[in-house]
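As written, the chain order gives the labels A, B, C and D, with residue 1 at the start of each chain.
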Amino acid sequence: MDKNYWITTDPIDVQAAINQVVRPEAGAISTFIGTVREFTKDKRTLYLEYQAYASMAEKKMLQIGTEIEAKWKDTQTAIVHRIGRLDISDVAVVIAVSTPHRNDAFEASRYAIERIKEIVPIWKKEHWEDGTSWIGDQKEQISYEKKIPSKEEMNNG
Amino acid sequence: MDKNYWITTDPIDVQAAINQVVRPEAGAISTFIGTVREFTKDKRTLYLEYQAYASMAEKKMLQIGTEIEAKWKDTQTAIVHRIGRLDISDVAVVIAVSTPHRNDAFEASRYAIERIKEIVPIWKKEHWEDGTSWIGDQKEQISYEKKIPSKEEMNNG
Amino acid sequence: MVDLLFFAELQESVGKEKISVEAAGMTVQELKNTYLRKYDIQNTENVMVAINEEYVTDNSILVDGDVVAFIPPVSGG
Amino acid sequence: MVDLLFFAELQESVGKEKISVEAAGMTVQELKNTYLRKYDIQNTENVMVAINEEYVTDNSILVDGDVVAFIPPVSGG
């Protein structure tokens, strides 16, 4: 698997993901870091548990990087997702995208996190104060009609 | 000066800026990292030199953070800018914004970099292969009519 | 034989990460009908299926040696 | 006395980071006319001015002890 896309059970080193995309042609790096939030409205999370179909997840993260390269000129992307038990404020995901100019970097990293929530086989189990549940909303607060990736999305591996 | 906004002559530790905004209420951190790009079109940069009116620059970076807090609910921002000589791929600026939800994080960090290029007294001198020049375009490729901050912008310190 | 992988709440319903079954020639839809219903899994229309790590449609046909993953709505990030 | 600070290309034109002058009572515009033109600085309309680290307009009036910064178009980031 491409070294820029990986699943890990260890704490994520943000700088390691950034280092994968630093290069002389780039002037801008946008990163997105997803951390474990304690409260969702008034519901309190004690910790999270992430599970992945790791080999496929790495493939799908690579696919997202390939989609980004096709959409925005001269980008380089790294994505790392942690699995296992994560406590409050632990880093669950880091996306880093480098581009020559900054607007593309912002758009591409935003695209990456949306796509992760659509096609990467990783699941989050919330351990609340009052029980547990696997979270199934692919896009959190947004409700989408389309639950299954389009044919194009599925074959674009 | 607030510890979240600082000018330094030392190499920037990206993680240090991120650490300033990690908190249990946040689930998303967007960072923007500006690095020294080697080529601008076909012009080759050997190195850059940044100069700042440091005390005012820190004040203006704090002002940007305050503007962000007013525009996006429950954000926390850190901005660090390096000055002095910077070589290719060195980090010139890091912006980190944490928010409960990701869309605000992206929008706020994008806002921050645009505002830095408008109101923070820092100047970049390009050392090209064939000479030097102070760069005066506040917003790079975008040309703006307005060269002077509005009265509101000026007084919002 | 075909390997079936279960994740997240499906894994908990089935009580196993993986089972091996004789399913060559079956469609994905038939496989869902047989094995997800067996474990009382509802909302099977929300479950995506991957064969050998690529998403497939419900009318795809299985061959011996395939690895089939049942993928409930993902929630990474 | 009023301190005048010069940055970037202005600092190179003036040859100094700072000079102290008698300027209490002058407007910023008068200060620009006097001290920027003295050093052959063109495009003075692109030069912003800060007094005591806050941007001001050209009709602001200086008082003794002010620190005035001439700020050419910024290019941080």
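In the analysis below, a residue touches a chain if its C-beta (ideal position, glycine included) is under 8 Å from a C-beta of that chain, and two chains touch if they have at least 3 such contacts.
This is a predicted model, so every value here is computed, not measured.
Under the contact definition stated at the top, the chains bordering both chain B and chain C are A.
Chain B and chain D, compared by their mean Cα positions, are separated by 24 Å. Rounded to whole angstrom units, the spacing between the C-alpha centres of chain A and chain D is 48. The multi-chain contact residues of chain B, meaning those touching 2 or more other chains, are 34, 113. By the definition of touch given earlier, these chain pairs are in contact: A-B, A-C, B-D. Those residues of chain B that touch chain A in the shared complex are 14-15, 18, 22-39, 88-89, 98, 100-102, 105-106, 109-110, 113, 140-141.
Residues of chain A touching chain C in their complex: 34, 50-53, 55-57, 59, 81, 92-93, 113, 116-125, 134-138, 147-149, 151, 153-155, 157. Considering their complex, residues 5, 7-9, 11-12, 45-46, 48, 50, 53-57, 69, 71-77 of chain D touch chain B.
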